[in-house]
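Heads up, the next two complexes both have chain A, just with different partners, chain B and then chain C.
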Partner chain A sequence: MAVATVETAAEPRRSWSRYRHPSSTIRFAVILGILAFLGWSIAFLNIDLSRVLGAFPRLAEILATRYFPPDVGYVTDADFIHSVVRTLEMSLLGGFFGVACSIPLAWLAARNITISRRIAYPFGRLAIMCSRSIHETIWTILFVTVLGFGMLAGTLALTVFCIGFAGKLFSDELEAIDMGPVEAMRSVGAGPLQVFQYAVLPQVRVAFTGIAIYTWDVAFRAATVVGFFGGGGMGWYLKRTTQQLESTRVAAILLVIIGLVLLAELGSGWLRKRIARMR
Partner chain B sequence: MKHEAGIVEGRIARGLPRYEEEQVPVLDVRNLKVSYTSSGPQILKGINFSVDSSDFCAVIGPSGAGKSTLIRCVNRLVEPSEGEIVLFGQDVRALRGGELRRLRRRIGMIFQEFNLVNRMSVMDNVLSGRLGYTGPFRSFFKAFTREDIDRALHLLERVGLQDHVDKRADALSGGQRQRVGIARALMQKPEILLLDEPTSALDPKISRDVMGLIRELADEFKVPVLCNIHDVQLALETCNRIIGMQDGYKKFDGLAKGMQKRDLDEIYAMEVL
Partner chain C sequence: MAIAAPDASEHGFDAWVAHKRQRRIGNWLLVAAAMAVLGWCVWDTIVVDTDWARMGGALGIAGTIERFFLIDWSLIPHLLVPALETMMMATLGTLLGCVLSLPVAWFGAANVTPSKYFFYPVGRFLMVLSRSIHEIIWALLFVGAVGLGALPGILAVAMRSIGFISKITAEAIENIDPKPVEAIRAVGGNQFQVMYYGIVPQILPVIIGTIIFEWDINIRRSAIMGLVGAGGLGLVFFRQMAMFNYGGVTLVVLAVLVLIAIGEIVSHYARKAVI
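Coming up: the complex of A and B.
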């Protein structure tokens, strides 16, 4: 015992600090820099606080006087309901084709299981990134100029949008799989497709189903706007009524959109929860 | 089949003298070197050994000695950077795409973490051992042949899992899962078995059971085994030959019976404190 105490006394004093000079200093400097930039941006915007706060009562006033009461008769009209069904169809078709295309693309774009890292991986990545980088409204405008007004343009725009949206989530999910079974299937001499079907797909099937439903949910939200740019569906009515300043009708349409999106979200949330339990 | 050339034909094709089958090693590894990155450290630094058709060969050594890397080089789950691996008379390193897959289906492999597909049934996991022999159409619809299904049932009974055929793989215990792994490897009708730490994830009692079972089945199907294993005692009990590795070099190669304590001390020199 005596020896031990002598030894500890002889040892140099150990010191420990959470703050380590280069790394911690850099971290704090970065955080400070971001805050400074935010402060500068706000100052640059020259926000007049009283004007911002004053906007809310005015918004309420305008809503109360011009948009109230919503024109319920307009949205219960057969033509309008038909357009709602069209919107739903577009979102389902776009979601379906988008998901169908994005699964192989995600396979290529998943670094761990891609067919070739030199060619397939950058190709898959690029395809998904291109679909993502352009907003769905821009895609609609592009397809409308090529194909003309109507549902086809809208459906294609939604498909591309879904490829970007689902492809990214799918490939992230694929990159997180356990590589053990993949290795095992490769070692029995299985080909790439067999490895994908037997080792990869079972691991991601549940997550993919959830993502597919979520994709449809988001596609439906996008589908309500697609019509605004000539892609077909209820967005067209929104455009017409806003341009003709028929505010009570706009209010009714907006309420319908809010209601439907809410329903879609609740429905997809419920379904996804049910599916997650099957893991 | 043409691509499944016998050992003798393979040797003739390679310009080597024709031996009696028994005398030709199933696996012959010469001057094997591996580094995972071109600038990174060398994991294997020139390994030579061979495995005969009657061998149950254990590779032992401390963690990080390169045991796993060595085993994985044989079926090219790891790409060697230098040296020669001749398996069934074929140069493993020269094989590409389909040729490599046709070689791999003759090699059974059992893994440390079992590497089963957890969300598939035990039966499907075992059947997946036949994928190398199953065409794309059949495998897409999971329509394995009657013969394969019968073999799978027989093997499952042989490893004692006849009551768990339709359970999901993740519903089984560790020892049971490894038995599924064994059945899957045997589905391939392998001509050599590679075992990568098959018992490390199991408790000592079950480890012994599993190793005993593998030994028994290897004898029954007359399959040579190359097994990398952590538990020296278990290795000495089950294997007839030992290869000792340390830091990428082979330190010992000989019969399990002739192994002395000082041999072990040398292999594990770095770990003795």
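Coming up: the complex of A and C.
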């Protein structure tokens, strides 16, 4: 025993192992905990694992048999095309107002340049977090309840959604700026608004434009289903056809949604690339 | 060239000013066009489409909002099980999403894809498809396929998370350091060993960070799955809404906020532990 200790003391590297006591044990305990939670959830939610795997062939089968010949005539109807235009309008307005509101909020919620860390910072954080945490469909339902059916409710819901989405990205971007110009402006006696205009904005202008375009892209994606809960636009058609079990029409609407979202994504990606090159 | 420099620079200055002016005019035109489009949108949304008379004026709106603030606290015991269900749905959905996104990421990463002309575009297309369909639509499709309950919600959340997880994973795979891979290949490692010892250790922190982030987002997604028939807090929300019990609706929204705050705290510490 004594000899062994002497040996390990002389050559400590000899007893190397991939597993070290505190860190490896904690890691395995965490993994075990996660696995136990997963097992418990499967048991609690009463999930039949064979159905999970069966779901995909079943989905394919249903798509092939019930949804298959998409009713193209339905989506080339003038009313439907008008609703697509309205969806686009809602996403533009929601994106614009959302970005317009989220820039000042992001300013408050950026720790390094906020007006006051005690009052403004938590306020900005909380506002962004609340609008982010609640899903856009819940916002839609709430606005529809208060303001009635129509595009106004959808637009407001999208605005709140964009405040949460863009506000977080904006404030992250603001927290990463170079503080040199800010301090220079402050040291010559500039007020907070002047600091923001001359020291902060020029640094983040390009990034903000990119984020604003991305926000519109995401808002458009959300706008396609806002109508499902009464917010106006093409979602309403989706709801009507789903509830009347007109699967071929649902299929056509879904194809239109996928196509438009792909177009929006390609367009926003192209624009963002161009703007990033202007940097 | 060097002799003409001062003259050219002066000329260059004029050209620069002219260019600036041109650009400014172009920018103003762009802004004016954008404003015109936005103005038309505002007009169409607020004047044409909104029925102001039906809203009942500011007092009517205030009255409706006031009903939301009469919070129905008696609902709390009925929220615990749905909240747990929502959490479980998000966790299982994220797990399934990860499992499903592994092959997609493998196909969609340019340097490890099995075939550049077939599997690479397929992988990329699956990524875009998963992200472009809203979770409500995924849920509707799966409710049609497997019936009501938590399962369609899990599947919908999983399908929606594939896009993001596999995109980040594929990017991480594309940006790995190729040297360990070459070393393992040089000493005779097979394809599996290359993946397990050469690629996985390099991308693991990124993937785990992404999964934690996605789990956080999936909590808010699974909180609405009940709206289309897939259990959890969304179902309680739907029921309270159908009963016009606005106080209960507010409480459900507060419960969602609490869940998300928990998720945010957990994911904050988990990410700190990983990175």
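Here is the rule we use: the second predicted complex is superposed on the first by the 226 of 279 C-alpha atoms of A that agree within 3 Å, B and C clash if a C-alpha of one lies under 4 Å from a C-alpha of the other, contacts with A are read in each partner's own complex, and residues count from 1 in each chain.
We adopt the following convention: contacts are C-beta pairs under 8 Å (C-beta built on N, C-alpha and C of every residue); 3 or more make two chains touch, one makes a residue touch a chain.
The structure displayed is predicted, hence computed values, not measured ones.
Contact with chain B, but none with chain C, is seen for A:194 once the two complexes are overlaid on the shared chain.
Using the contact criterion defined above for the overlaid structures, shared-chain residue A:130 touches chain C, although it does not reach chain B. In the superposition on chain A, A:258 makes contact with chain C only, not with chain B.
Contacts of A:202 after superposition on the shared chain: chain B is touched, whereas chain C is not. In the superposition on chain A, A:248 makes contact with neither chain B nor chain C. By the touch criterion stated above, A:96 is placed in contact with chain C alone, chain B being left untouched. One of chain B and chain C touches more residues of chain A, and that partner is C. Look at A:180: by the touch rule set out above, it reaches chain B but stays clear of chain C.
For the contact definition in use here, the chain B contact set and the chain C contact set of chain A share no residue. Residues 37-38, 40-42, 44-46, 49-51, 54-55, 61, 64-65, 68, 84-85, 88-89, 91-92, 95-96, 128-129, 131-134, 136-137, 140-142, 144-146, 149-151, 154-155, 220-221, 223-224, 227, 231, 237, 241, 246, 249, 253, 256-257, 260-261, 264 of chain C are the ones that touch chain A when the two sit in their complex. By the touch criterion stated above, chain A contacts chain C in their complex at residues 37-38, 40-42, 44-48, 51-52, 54-55, 58-59, 62-63, 86, 89-90, 92-93, 96, 129-130, 133-135, 137-138, 141-142, 145-148, 150-152, 155, 221-222, 224-225, 228-229, 232, 238, 242, 254, 257-258, 261-262, 265.
Residue ranges on chain A touching chain B, taken from their complex, read 180-181, 183-191, 193-194, 197-199, 202-203, 205-206.
Chain B makes touch with chain A in their complex at residues 75, 77, 101-109, 111, 113-120, 124, 128-134, 136, 139-140, 181, 184, 188, 194.
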